[in-house]
Amino acid sequence: MSSSPSSLILKIQCPDQVGIVEQITTIVAAHDGNLTQVSQFADTINQWFFARFEIQISELNSTKLQASFVGLAHQLQAEWDFRSIPYRMKTAILVTKANHCLQEILWRNQTGEYPIEITSVIANHLECQELVESSGIKFHYIDELKAGCSVEDKKLGFSKIDAILSKENTELAILARFMQIIPEDMCEKYRGKLINIHHSLLPAFIGANPYQQAYDRGVKFIGATCHYVTADLDAGPIIEQEIRRVNHNYTPEDLRLLGRECERIALANGIEYHVNDRTLIKSNKAIVFSK
Amino acid sequence: MSSSPSSLILKIQCPDQVGIVEQITTIVAAHDGNLTQVSQFADTINQWFFARFEIQISELNSTKLQASFVGLAHQLQAEWDFRSIPYRMKTAILVTKANHCLQEILWRNQTGEYPIEITSVIANHLECQELVESSGIKFHYIDELKAGCSVEDKKLGFSKIDAILSKENTELAILARFMQIIPEDMCEKYRGKLINIHHSLLPAFIGANPYQQAYDRGVKFIGATCHYVTADLDAGPIIEQEIRRVNHNYTPEDLRLLGRECERIALANGIEYHVNDRTLIKSNKAIVFSK
Amino acid sequence: MSSSPSSLILKIQCPDQVGIVEQITTIVAAHDGNLTQVSQFADTINQWFFARFEIQISELNSTKLQASFVGLAHQLQAEWDFRSIPYRMKTAILVTKANHCLQEILWRNQTGEYPIEITSVIANHLECQELVESSGIKFHYIDELKAGCSVEDKKLGFSKIDAILSKENTELAILARFMQIIPEDMCEKYRGKLINIHHSLLPAFIGANPYQQAYDRGVKFIGATCHYVTADLDAGPIIEQEIRRVNHNYTPEDLRLLGRECERIALANGIEYHVNDRTLIKSNKAIVFSK
Amino acid sequence: MSSSPSSLILKIQCPDQVGIVEQITTIVAAHDGNLTQVSQFADTINQWFFARFEIQISELNSTKLQASFVGLAHQLQAEWDFRSIPYRMKTAILVTKANHCLQEILWRNQTGEYPIEITSVIANHLECQELVESSGIKFHYIDELKAGCSVEDKKLGFSKIDAILSKENTELAILARFMQIIPEDMCEKYRGKLINIHHSLLPAFIGANPYQQAYDRGVKFIGATCHYVTADLDAGPIIEQEIRRVNHNYTPEDLRLLGRECERIALANGIEYHVNDRTLIKSNKAIVFSK
């Protein structure tokens, strides 16, 4: 988790070919960089290469390396990102009424687990206001998105959210049990920056009331899924899932209570992977270089 | 698991009302029966009562108890079953090519775990013949059900299977990776006596090639589901599920290999629950009184 | 979890013999009680009987039943307890510096999961004071038990704790990462009322710094154990355990961070079982009638 | 799992320093090798570097690379190994009476999962003979190691085993529930080539009858541990562990039955990691580059 002050993370994906790792390590070595962590995955089915490198390097050489890298990246037809450590990713959290996921994030953030700065919490209900403000975080209430709102209200409400995210230069928005479907254009605009927690083991039980669905089906495991949001409801790239074994004694309400554990943990881990640049998205899948 | 020679298992389900347990225990006590295990579940949502009792009782009193019980059962509008211990449940196994589930059952049976007698193995391919016959078990090859068979062949094939099951007084038929859809009338005829293992964590990935589907969706858990067969494909009452965590490194083939562990264990446990009379079916759900 | 207002829980343990369940259900029926949940375990190795009954019964009959029961209980040489629902178990929480277990309990209590009243939090450090007081709960700071305290201080500190528990009629004291060894006489006095969370999968890694021990041994699972406190350090009856898979990438500090999840969940579940009277202690083991 | 015919695996460990990955990838690139899989772990606590590389390379260049590598390896003060793919690791299995682990290995080997050749099964009892010989594998019965054998018998027995392993050029010996303590000199001679399965979640319940110990302690999880054998009983480097949740209903015999699942799976996975050169041993820990 920890890296010395002058460190770099490089994420890269490109068509697979002979010698990618060698070329990258050569250019790193040429700038006196030291590879402290190498994670690599060659998808032999789709002929695609994914990697993440942690590099110790002087600030001066870091700038030079990033400049030199452009040529290689183009040659590899790569998508790539550099990030200088340390950093604080500007993060917004969207909630409705339930506070368990929000609490988990606030608590983990207080302990210093995440390299993030929580810029604000945005809500379409007031239940979480006190918790948020007592934590010293700005709380935005979007009145337009209350239950039974009109199409116009909904449009207005989301344009307000968009304005907040834009103004605060939000790099990550977390839907922490935000019970609203995100408009398609916003999914597109924030592609790869919008993380949701869904309260089922996707792809099972898409949509509303998954715990009731799980109860009706009599499954032996319930779960929660942390995923990137796409315009396709509950169908974006999966980052993390968490499960619990259940039996016939669990009512839908019992499942909902137990399920909160899955939601909190799947979301907390999913966030950890994202904010530490451990995820790469390709088509509808996320490669996650976890521990 | 063990019960003394003159023991009884009573399974019962009925509309819930005040005093069911008391009435049952009273009648047991009146016949000098001793309750060694009581499992009970009152479904408060559907107002339904389920229970399983293990009773130590003399053979003479066992017969009397079963006779006396009829009155109470009718009064409770109950479905119920008595089974005298020990017993050997006549069991057939249906397979196609893959032998891992078959092996698991044969092996567990050899160790004496199951109170069953394997009367025969029925197959639509020849791959498992040697394993079956070397275990001293009859092997029925149903030539009609080979790949690409006609509708008539299929009908004929299944009527042969039905004839075998009838002739052998089969009480349980296990589809141990039998890659054929069971005809609706047979599902009906053997309702509650037909157990299947599906190679996904149902209701996810119904139908063909679930491991490929799981790979495509990028899930973090794969699993297998042991369920009772109904006319609705892969949708019958779930008895048991088993899961394994996976990640992007697993190809569909890797998932298939790993998934065999889930299949073997979910099926082995599902069989254990069924053959020890630990399952009760109501609508499309199975109540499972496991340990 | 829920029971109607005039309900009773009966916990009982006694030497096993023929007909215990029948005798109990007969006496319940004689007082027009309705058994809504029966959990029973006959330990055939040690010839010991354990059970828990939930009984719907009028208040008047409840009193009569409890009175009538004494005779049967004596005859069975039983230990037994009745508890009228609803109730609020008076609960104290003891902490040192770490707040994650405390937060988990406070949060679950706020959601109404537990039938408890938190009477106070007792601490030998000040780190948790703000959290406790902002939740409207009394905070007792025991200055004598700070790091490096003398034997006399320690004695005095624990006598203060004992005085608080006595004064507040504490029925349950939870050691939520309280880093002090409880004096033997206090273990004895509060036997069965003192719950601890130990940060290892007991009996592995007893004592100090279990995460470092786990790291040194290279185990593939870490865990936490919720148990009743006895004079024998970390060796009391186990109520609940929770685990996580790990690998060589986890430093001792990573294990400590991840382990907090285990600690929070094992403790939260252990408390749930205890405060709902789902545990019975016999010798050094706890029978837990969980869902 | 799969690698093209002319592939190499390189395992290496050495004191950590700047630029190791770069130096290795440079020398691989210089021989026209293509890195298809890179697994790397820098132990920052002990300043030690571990890595495993899969390299596609022509046979000619493979030889040259291995020769050239010696210089770099010495300079890095490294321990290293090359292995040309494909290969069949000569493997012996040692058993006593129980056959479940043996069966699991035989079955996985038949499906082609392991790059091994089972040269023989060595036993100190006759129970497994039929299974082994019906699989077409040589069975060595070591009469001297029967129950209650003398110290001289034991010495003679193990010298016979050593002779077999030597004669068959055994590269791996698997103790598949072999109920004998391996003499210290043999542990030393076959260091890193001797894999055991212990029927507990080590370090809990070392020694005899761990399921009884687990029962007595009332743990909520049982498990099995696959580890390298060292002279220190049940204390060698852990390769893999597997667990199952249990409760008070499980007798020691039930735990033994359930535990076999853990034993089979932990051993099967442990073998997979070892025979695919995914393990590196340092002091008393194994680094395992699993999927």
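The chains carry the letters A, B, C and D, assigned in the order they are written, with residues numbered from 1 in each.
We take it that a contact is a pair of C-beta atoms (placed from the backbone, for glycine too) under 8 Å apart; a residue touches a chain by one contact, two chains touch by 3 or more.
Note that the structure is a prediction, hence the values are computed from the model and not measured.
Novice: Report which interface contains more C-beta contacts, comparing A-D against A-C.
Specialist: By the number of C-beta pairs in contact, the winner is A-D.
Novice: Using only Cα atoms to place each chain's centre, name the chain farthest from chain D.
Specialist: C
Novice: Chain A to chain C: how many Å between their CA centres?
Specialist: 37
Novice: Touching two or more other chains, which residues of chain D qualify?
Specialist: 247, 249
Novice: Contact residues on chain C for chain B in the complex?
Specialist: Chain C residues touching chain B: 18-19, 21-22, 25-26, 28-29, 34-38, 40, 42, 44, 56, 245.
Novice: Per the contact definition, I'd like the list of chain A residues that touch chain C in the complex.
Specialist: So the residues of chain A in touch with chain C come to 1, 100, 103, 107, 111, 113, 134, 247, 249-250, 254, 257, 261, 265, 291.
Novice: For chain C, which residues count as touching chain D in their complex?
Specialist: Within the complex, chain C touches chain D at residues 41, 43-45, 201-205, 217-221, 223, 237-238, 240-241, 243, 247-249, 251-252, 284-288, 290.
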